[in-house]
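For reference, chains read A, B, C and D in written order, and residue numbers begin at 1 within each chain.
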Amino acid sequence: MTSSKYREEKMPKPNDSKEIMDRKIEHLKIPLEYDVQHSKNYFNDIKLIHHPIPEIDFEDIDLSVKFFNKNISAPICISAITGGHPISKEINEILAKAAEEENIIMSVGSQRAGIEDPALLDSFKITREVAPNIPLIGNIGIGQVSDANFEVANFTKCIEMINADVMAVHLNALHELVQDKGDISYKLFRVNFKNLRESSKVPIIAKEVGTGFNEELALTLDKLGFDGFDVGGSGGTSFAAIESKRNHFNKQKYTRDPAEVFREWGIPTPVSVIYVRNVSQKLIIATGGLRTGIDIAKSIALGADIGGFAYKFLQSAWKDRKDRKSKSISHTVKEIRTLKNELRSCLWLMNVDKIDKLKGKRNKYVILGELFKWLHQ
Amino acid sequence: MTSSKYREEKMPKPNDSKEIMDRKIEHLKIPLEYDVQHSKNYFNDIKLIHHPIPEIDFEDIDLSVKFFNKNISAPICISAITGGHPISKEINEILAKAAEEENIIMSVGSQRAGIEDPALLDSFKITREVAPNIPLIGNIGIGQVSDANFEVANFTKCIEMINADVMAVHLNALHELVQDKGDISYKLFRVNFKNLRESSKVPIIAKEVGTGFNEELALTLDKLGFDGFDVGGSGGTSFAAIESKRNHFNKQKYTRDPAEVFREWGIPTPVSVIYVRNVSQKLIIATGGLRTGIDIAKSIALGADIGGFAYKFLQSAWKDRKDRKSKSISHTVKEIRTLKNELRSCLWLMNVDKIDKLKGKRNKYVILGELFKWLHQ
Amino acid sequence: MTSSKYREEKMPKPNDSKEIMDRKIEHLKIPLEYDVQHSKNYFNDIKLIHHPIPEIDFEDIDLSVKFFNKNISAPICISAITGGHPISKEINEILAKAAEEENIIMSVGSQRAGIEDPALLDSFKITREVAPNIPLIGNIGIGQVSDANFEVANFTKCIEMINADVMAVHLNALHELVQDKGDISYKLFRVNFKNLRESSKVPIIAKEVGTGFNEELALTLDKLGFDGFDVGGSGGTSFAAIESKRNHFNKQKYTRDPAEVFREWGIPTPVSVIYVRNVSQKLIIATGGLRTGIDIAKSIALGADIGGFAYKFLQSAWKDRKDRKSKSISHTVKEIRTLKNELRSCLWLMNVDKIDKLKGKRNKYVILGELFKWLHQ
Amino acid sequence: MTSSKYREEKMPKPNDSKEIMDRKIEHLKIPLEYDVQHSKNYFNDIKLIHHPIPEIDFEDIDLSVKFFNKNISAPICISAITGGHPISKEINEILAKAAEEENIIMSVGSQRAGIEDPALLDSFKITREVAPNIPLIGNIGIGQVSDANFEVANFTKCIEMINADVMAVHLNALHELVQDKGDISYKLFRVNFKNLRESSKVPIIAKEVGTGFNEELALTLDKLGFDGFDVGGSGGTSFAAIESKRNHFNKQKYTRDPAEVFREWGIPTPVSVIYVRNVSQKLIIATGGLRTGIDIAKSIALGADIGGFAYKFLQSAWKDRKDRKSKSISHTVKEIRTLKNELRSCLWLMNVDKIDKLKGKRNKYVILGELFKWLHQ
């Protein structure tokens, strides 16, 4: 799948899953140790409209929403963070336990490692073991779905691995491109996806990972049978920035690191939410640069259904993990409760008693700054 | 009234009024010692239009306006600052004496303490004692009006306490929310207010305290029988910022201090003045981020009737108080005269001889910066 | 004429012209020693449109324009700087000699001192003595024209003092206001001006000094019989800033120095040029924040006829004055030549062979930044 | 041709080509040693629209375009850098070899030196010797074409010198103006060009060098028979800035260096591409401030055909030259490959499989910042 003519092959692949494992740990640690966030966060350009007399009681605000066929306590998703490594197992156990305790959605990282190396399966399976009730979102990459050898059975394996309620196909073109051996051939995607779609019983969502959807593709994917979108626009963690920190740039080949040059590439999350909602009425999870419960409220006002967070939960889970013996999940639970309290506070301060009444309401916000220009082309 | 299920109860309430008293002193001192002002002040985005040949004499400019049934020398209001503490009494005495000397409006802080603890009554009563003639605005909180045990008699007590010309119901939802034991249940507000409205002989205004009115609620309150608005938009003191300095954030419960997260929440004062004037012809006091007499002129050009100042007068009164023996009010009087001189200068430089001729005149100003975008949604 | 009720009287007036003299020297020195320029210069928001193939020869570009009944070599005016002091005489001699050598316009400072104290006459008269041919603009203040004792004879004296080609009535309301004893009563202005207008044979222009004309007044003055405008908008020297440096602020009376509070008051020069041209076809001198010959070209493209400079020529004359013995005027001549060369370069780079072809041409420039918003209200 | 009346003649011209030679070396070294780039680069205000699922293989993307009658591997041009000096010969040899190896376009610097001094011919000839196949663009200045003694034979000599595929007439009015002895008389340009046009068999393009085309002239040149445009707008190297570094400013004559005053003069490259495309369907090379292959893609989306780079290739060739013995061209080849990889990456991330499908597509980008205002006049 690698476009070998144009892309370097730095080393042989003696132990593919070992290498993937190492990379997975780097992907966890780099965002914790370096600033790999996009330089602009357009959520600051959105202002929600205050309502001075909330006529609902704070505790009566109903944050619960339906996520496909399950009810969750609040429109919050722990976005796909990791999987496929002993440390990933620890992280996933913490996240899943906390999500179960708080009844929110959790996604796992790419399940490819679990399929390719059964020894890594438990880093995924642990999530369902400790979280029997919540919606779990499985995760497979566009590279695998586009593979000539792709089999629906592998997709089914992913579902079964965690008894997934929903599957996400992550679209990480830029990330694959700037990695040293990325999967960047997606010609078979439509054909393979159609087979998948026909045979799969669970809903499938299209998941961007930091570069966002445009309107045209959102419409295409809606028609192709996707059941929703995780927009993953720019504003949060930049995978290109992560790759530029991994220092695998081949200075012999290029004068500039592609990962640096494309660091800020992408459609900002608020713009992408609006783009998708313009053409589709299906589920939208807004991910990419959300930092607080206020950002969930802003996303929903723009048209999203759910707010997704990876970076915040990576931070909380890492803290919980340091206290391994006690099997603590307190930091992560606290983060979820903080988001809920912030979101509830927002709704109360806008006199909105349920999530639905905020969704896509143009009179609930104003747009300032550069975001104003993005939306006035 | 506290939403106990969602909000912490750090300590028992052995001495409720003692606690309120301490808080009141913190509310006075924190703005004097820390920067708790909103980070953006949109008054800078308004430019008044200079007129090179004033054809009126400076001293002939008539700053006087009618405030309900009293005439005042200038459209200036000492906004609600304090009450309910021996130091508050000193402050209120200074402010009221100065207001009387200069014949402007004065508001007292929330009178709740005075009702709950007769020992604190004199901190309010002092204002009318030293200011027999000026309009005094009494002050009761939305929390009290919304209380199941609310009695019109308490409202009447407030009026009588200072022989109030006007009563303000302060709407401080955000402040209550981020305090540790805030009153955040306002379901009974409409019903109780209707009773109040029917039985009350004095005008009643709705007073925001730093987060501003939106158009929809302004229209509702106008129809509900309010006689005016003190817009209190964002731009000046942020009560959330004050609370974040009070360090009562429970780190065990949340990862982020709600008072920090909501520090900048709210509708900017100039926007809120325009919103309210768009839907109501009733009195508007513009408060929140006014710093000079130029800002009074800007507010009036946008449609307000009066400019209100709390922070500036807190500063001046605190200076006067240091010189206790002499019973000095000179700093506060000087501040009032400075505002008058600045406002008069503005009017003169715009060739406007009375306040009415400036009010709501679109051709007297231009709007720049982000404020331009707020108003072009 | 001073509004004594509202303005302080710091000291008696033992020697009025002595005091004026001292002030005049401060007005010269403060801009040279402190930053008293407006904080924003909107000329930077204008971009002239480059033309890659000038089809005219550089030396064939005709910068000459007619200024009333005289021809000048370029649309450049040495704006009113000084008069009424021995040092002013030196400065005026330098400026007038250089203007004569380069055949451009020169204005003198307020001639009031010359009328009130014959001993100071020569500081004005020197200009015509050394510059027999160029257009000289005399200068009288709105305060004097508005005086109850105003006599047309005084105006005539001003003309005769320098054999003025044109008289300017300077409108310096803000400056007078923030000075300690300003003339701020202009009620008689219209009546007195009409007498003046009828009896005067020379053209009379209205001259703002840093706060600009609005549209409404420009139309009024056009109809009242003024023959042109020196717009003097904000962007250059702020007289309020000068006054705030003179430290005459009475801290006993006000909490803030009015000169500080109104430091940035005014309509920016480019905006004011457009305002005036919108309503009048008479002569416009653009003054206030012009720094180079490019700014002259920008002013003319916006609709002005002439570019005026005070600060640049104050700097050059001060340098020339240091070399007193040699009676050097070289710095000032060099500044004029620099402005001409820059203006000629601009015209050449826009393929414009004479000033008229640039005047008011909307297709020769674009407007960016905050200036864009000023003009889109 | 020099406008001697207005421009200084610092020294005699004992050895004209020697002087040109020295200047040429300064023109190479100054951009390498000082910051002489324009202060604003408007390419940052353009955002390309990401497409999450490229359905083409990376290696299948066809970057090749036709450049007049030759095919090149990618729309990349090494813009005119140098010629007429032994060091220029080295640089040109490196650039031409690399361009040949990568099959892209190369332009030579002004060929005037080669015509005037046969000893300098080889610095140009070397390009065709080492690059027999690629499109080479010859280069003659507007000053020479406009010369009264201009002969078509000289133009033919330029073509023959390098067997040029295309000739560029560079329009460097600002540069000539701020040089001490610039050619600034272009009155004969149209007449001479018509002769040239009729007799020349190769296509001729009009080349700006950092100040950009306006719409009006672009239309004129299209009709006059030019076959294309090298827009050379502002954003990259400022020749005025180079001249200000050369320290030939005559302080005795002017108070400000014209090269400093006009440092930022010009139309930004993205604006100029749009201006030209608005009125002409002919070839456009976008030069001026392009830094990466992303900027090529942006230029093409705006309507250009080719992206040109001088500064980047000056840097790469200078590095190659340091390694003279090895006759290395590796840095330059690497730069070309980097640009190609970045451009290909862009196309892939936009799901565009050939250059034509991106060209002038308004739905492929958004415009932010000040560029938004340039385009909304």
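Convention: contacts are C-beta pairs under 8 Å (C-beta built on N, C-alpha and C of every residue); 3 or more make two chains touch, one makes a residue touch a chain.
Please read all numbers here as calculations on a predicted model, not as lab measurements.
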Partner chains that chain B and chain C have in common: none
Contact-graph distance - origin chain B, target chain D: 2
Homomeric contact chain A-chain D: same or different residue positions, threshold half: different
Angle (degrees, nearest 5) of the CA superposition of chain A onto chain B: 90
CA centroid of chain C to CA centroid of chain D, Å: 44
Whole-Å separation of chain centres (CA-atom averages), chain A against chain C: 63
Where chain B touches two or more other chains at once, by residue number: none
Chain contact graph, described as a line, ring, star, complete graph or other shape: ring
Inter-chain touch pairs (all): A-B, A-D, B-C, C-D
Chain B partner contacts - residues on chain A that touch it in the complex: 47-59, 292-294, 316, 331, 334-335, 337-338, 341-342, 344-345, 348-349, 351, 363, 366-369, 372
Interfacial residue positions of chain B with respect to chain A in the complex: 3, 5-7, 142, 171, 173-174, 177, 184-187, 189-190, 206, 208, 211-214, 216-217, 221, 253-256, 258, 261-262, 265-267, 370, 373-374, 377
